[in-house]
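Here it is, the structure in full.
To keep things simple, chains are lettered A, B, C and D as they appear, and every chain counts its residues starting from 1.
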Amino acid sequence: MPLEQKVKYEGDCDPEFAKWVVGEIGGENLRHCIQCGICSAACPLSLYMDYTPRRIINLAREGFRKEVLSSFTIWLCSSCYACRVECPKEIHITDIMYLLKRRAIEEGVYPRSFPIPVLAREFGRMIFMFGRVNETLLVTDLFLRTNWFKFLGMIGLGLNLMRTGRMSFLPDTIKRRGELRKVLEALDAEEKKEKKEALS
Amino acid sequence: MSENKPKQENLPRIGFYVCHCGSNISSMVDVAAVQKYAAGLPGVVVSRDYKYMCSDPGQEMIAKDIKEHKLERLVVSACSPNLHEETFRKAAARGGLNPFYFQMVNIREHVAWVHTDKKAATEKAMQLVSAAIARVAFHQALDKKRVPVDPNVMVVGGGIAGIHAALTLANAGKKVTLVEREATIGGHMALFDKTFPTLDCAACILTPKMSAVKAHPNITLWTYSEVEKVEGYVGNYKVTVKRKPRYVKEDLCVGCMECIDACVFKEAKFADKFNQGLGKRKPVYIDFPQATPKVVLIDKDTCLHFKTGKCKQSCATACDRKAFDFNQKEETKELQVGAIVLATGFKAFDPARSPQYGYGRYPGVYTALEIERLVNASGPTSGEITLRDGKHPKAVGIIHCVGSRDAKTNKWCSRVCCMYSLKLAHLIKEHSGAEVYNFYIDMRAPGKAYEEFYDKLLGEGVHFIRGRVDEVTDWAMTPDEEGKLVLRVEDTLAGFVRRIPVDMVVLSTGLEPQADAQEVRRRFNIGCGTEGFFQERHPKLAPVNTFTDGIYIAGACQAPRDIPDTVAQAGAAAAEALALIDAGFVELEPNTSHVIEDECCGCKSCVPLCPYSAITFDEVKKKAVINEVLCKGCGVCAAACPSGSIVQNLFDDDEIFSEIRGILK
Amino acid sequence: MNEQFEPKIVAFFCNWCTYTAADLAGVSRLKYAPNVSVIRVMCSGRVDPQFVLDAFARGADGVLLGGCHPGDCHYAEGNYKTLRRMRMLERMLKGMGIHDGRFRLEWISGAEGDKVKAVINDMTKKVRALGPLDLPGKFKEWDKEMEELEAHVNKDSKKGETTHAR
Amino acid sequence: MKYLYFPGCSLKGTGRAYEESFLAVFKALGLEVRELEDWNCCGATAYMSVDETKSYALAGRNLAIAEREDLDVIAPCSACYLVLNKTQHGLKDNPELRRKVVNALKSAGLDYKGKVRVRHPLDVLINDVGVEKLAKFIKNPLKGLKIAPYYGCQVVRPYSTFDDQYNPVTMDKLIEAVGAECVSWPLKTRCCGGSLTGTLPEVGLKLAYILVKEAKKRGAAAVVTLCPLCQFNLDGYQDQIARKFERVDIPTLYFTQILGLAMGLPESELGIKRGIISAQAALAGR
């Protein structure tokens, strides 16, 4: 077994990271964590996580940006909010997972073939195009982009859905697509403006 | 409004002092600038700043200046008047100045500590200083009024705090009335088996004190009684107490308990409140063998006589002292006391508010108080640890912080749970040999010999898992878990989630204010903190005093605390009451109101406003008259007087108007 | 930061609840706007409506009155009297064009340091948004009339005639 | 009583039976339901991971359209219910976010003031209609049918206004109202796997398996749920569950379906046949 040095140096931390989390919506209470672990105990997925939610909170608070953003934990969160309602310090853990996911996508540090960030992205694309999401098309698209091998395993389910009339191959769409796009583009413009201001 | 401003040349000679308070004030307020600013204000002849005005040299400086510079008024700009007003009044008196020629400016609590911009904070400090200097010119020389103090004391609550306070006062020769709501004194401590960290038996140390209360010639013990009304003021309280009927004459009953044997109910079949519902009792009962007073009582809700009117009253027949009186009525008593000690204790957190732990849903889940009764040799199982189905648990999980350190229930640490959980872990292991798991967030053992007790438990092989349990369920994932209660928790030190099957779960419930704490504090005219415990006058320097003079607090009614701290506090409260009584008199703040007879137009507007009936109307002179002994100095009448003829000392119209002008200059 | 209007607010706090709460805010090192200066009174019931009027007349942009919660008054019922009095005063102030929260009555118990902070911050923000009141400017002419009237009254009273002009 | 109805994407797709039974039951109860005009996808959980503000704006457009009428909006899908409520909270608590979202809406000629109330059909049935009134409509009580109520996550957490977060009971009341027997189990709010059944089947299937297995073990003949994704996970993946763990075969119905059956509505109007695991045996076997 190869020996690995476990010590962490302060230079490895990003002191701005915790500040950033605290400044985002939902991150406000990050620093109040007492590390009781009830979030991990309540989490139905913590048994698959590389870091339990409690550890993610502590790593984020101490500025271990790389460890946090490249963890599987944030992608395993199914947004069931079990941790959020249990947390004795009212830390919005689910929202923190969301904002960590966004940051990971922004920094491009998520695992490439990992289907969850891809799903998130495709979902967004479909909404921008049609305003609504067709589950069949979304799932098909997802498997073709990540792991088409798994798609074969899903054929049985697909046939079952066809049999019960729960599948549709036509994209559903809203009437005023322009209206929705205007809303989304206005936010893009706002963000650009903000970034420009931040630079100057 | 009167415009009789003192003329520039007639202004009194004012001395002004501004305090740095180390760096507490000077780090946010430019003290030198304030000093300079004040020096330029009309009437100010001396203006100084100093590191610590409240220190001896600071006070000396004031006294010296008064003499040397013939100062006629004094303004000190420092901390809250609630803290040091008295200090500087005394300093003024030492310099030969009437202490009420003084005004204090609060630039610490109200400025330096709450603002972040030094320039703005300094400006605000200057406004407040200008207001005080403007107002002090109007101050009058006043004298404090002396009122005699009634030497009797009432103690409310007969737990260990009330017992200790009552005994201390009685031993000092004071007459004490101890009022307790339940049928016996003893409080929560009477429920415990052993006490941490020494593991000495609670009954062995408590019951002698209970007997001492009963036997003490200076103590009148009123159990099954509640305070209904409190009137008066420091040194002179009038208290109304309601005494509930026991249907047994207290002076006749000797506690032989023949009546209980004789009751028409052959079997005890009603939930026994004292044993947390784990045992049964009859309608005629006594809480426990050492109950004090050792007098039985009848529970009206279950007694056949009261329910149907058809009972042969075999209990009364069995009593050879003829103590039974089914016609007993509630009594109302009045008391005159000089001081009151409130020791009304706490309420244990109701675990139904944390449904995830399954209390009430799974019979294997218990509260810590229930376990106290189970491990107690005189409890319902005589100290045997048995589950509700009669089986013996092989594994027991103790969950800490139930109803503590949790924004959804109570935010505070209940302070005693870590230690009592350790005690229960030890007792359960000793009595049953079960595997015991403690689930804690942080182990808090900060008392004398507490850490050593924790160390002892570690050595006994009790499991300590650092993590807050999420849930107690009967959901089995493995064959081992079938038929068990499963606790899901992150072992935060190991870094993963564990599922631990047990037979018995103990919820270490936290301490809360009594359910009626708000009503009680209104009755006694004291305050509660946001969490609902009684508010002490100062968290460090006046921990047993309240904002109402003559009313003291002790024990867990003020905050969660353990027995040693409770007893210490009860002693402190008794000492404070003694200090008040033995002085023989109190000095009252002279902020009372009086009527300027010539200006009173006799409209009677003020008469009905006074909550203390201190204002009467002189029908001959057709003028209002204020009785300054009854006046408590709220100033409501002064604000209402349409002719401006009522003056409130220290808060006169001229003083307040000049303060407004000073701020807005 | 650009120069913004900073309102001046005069506060009357009762000694037992609100003043203590402000002390508590200090001890707890809560941070709030420096625009409010506090005058201590024993009970909110001591506050004569004239104090409020005088504060506005002398240039205050807002007046805050703090007392114990209803039922909690140290003097049993002083705050109820405050409430009745101030309801009437509010109507009068409205007639004078002083409204929209320039005058505010708040119940703050001795334990509510955080409420002191919240109320002061909120009131400062709202009054700042309203802009200066400048009653002294508006009242200059009225003052002149008042002075004349007062001179007249004083002359009368010197003559020894009783007057209830106040 | 009148309501607006926000279907969301699932009720038009895999959750078609939910829409059918919801509309049929509400119609039979005399409740008027109108589909929200030109609604768009709520954004669900996925979009929150991409762009927070846009995700609020997406929901904001729906709320803006709804606000034109003074009616409560019913969102039967858990994700829609959560996202719309979360947006309400976010816009209320965060002025900066509100400014951005409202400005963006205004640029497209929309406006939102924050007046809309988002409801769940279960909330409407229990609190607006009431169990007593529902009882009058029950013609065909489901006597002897043992049902495990499954609430899932996002209706009860974290914004539920009508039930307890730890131990919700509204659906239990409904099950009793239709004459069936409610199975008590501790997993009624445990996650069904959400979208992980699709993205990480090895994890998602396990979560779904735990639920169906425990429901069956406790004697339930059917699971009843209030969310299209929960229904899809518990119902649709049982073949895969059988391959990976063991065959469980327990049908998952919507609460609107059992209510409709008890009210005597025809199965065809309630989409009973749309279940991949047939409910026929469970319904007949009682």
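By definition in this document, a contact is a pair of C-beta atoms (placed from the backbone, for glycine too) under 8 Å apart; a residue touches a chain by one contact, two chains touch by 3 or more.
It should be emphasised that the depicted structure is a prediction, and the values quoted were computed from it without experimental measurement.
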### Query
Which chain pair is joined by more contacting C-beta pairs, B-C or B-D?
B-C
## Note on the structure
When centres are defined as mean Cα positions, the distance from chain A to chain B in whole Å is 49
### Summary
Expressed in whole Å, how far the mean CA point of chain B lies from that of chain C is 33
### Query
When the centre of a chain is set as the mean of its C-alpha atoms, what distance in Å lies between chain A and chain D?
23
### Query
Using the touch rule from the top of the page, what residues of chain D touch 2 or more other chains?
166
### Task
Could you list which residues of chain B touch at least two other chains?
356, 471
### Chains touching one another, given as label pairs in label order
A-B, A-D, B-C, B-D
## Note on the structure
Counting only contacts in the complex, chain B reaches chain D at residues 355-356, 471, 473-475, 477
### Residues of chain B defined as touching chain C within the complex
1, 80-82, 106, 108-117, 120-121, 123-124, 127-128, 131, 522, 525, 527-530, 535, 547-548, 591, 601, 609, 611, 632-636, 638-640, 642-644, 648, 651, 653, 656-657, 659-661, 663-664
## Note on the structure
Listed in rising order, chain A residues that touch chain D in their complex are 25, 44-45, 48, 76, 78-82, 84-85, 94, 98-99, 101-102, 105, 115-117, 119-121, 123-124, 127, 131-136, 139, 142, 150, 153, 156-157, 160-161, 163-168, 172, 174-176, 178-180, 182-184, 186-187, 190-191
### Query
How about chain A: which of its residues touch chain B in the complex?
34-43, 46-47, 52, 54-55, 86-90
### Task
Please name which positions on chain B make contact with chain A in the complex.
356, 401, 405-408, 441-442, 466-471, 488-492, 495-497
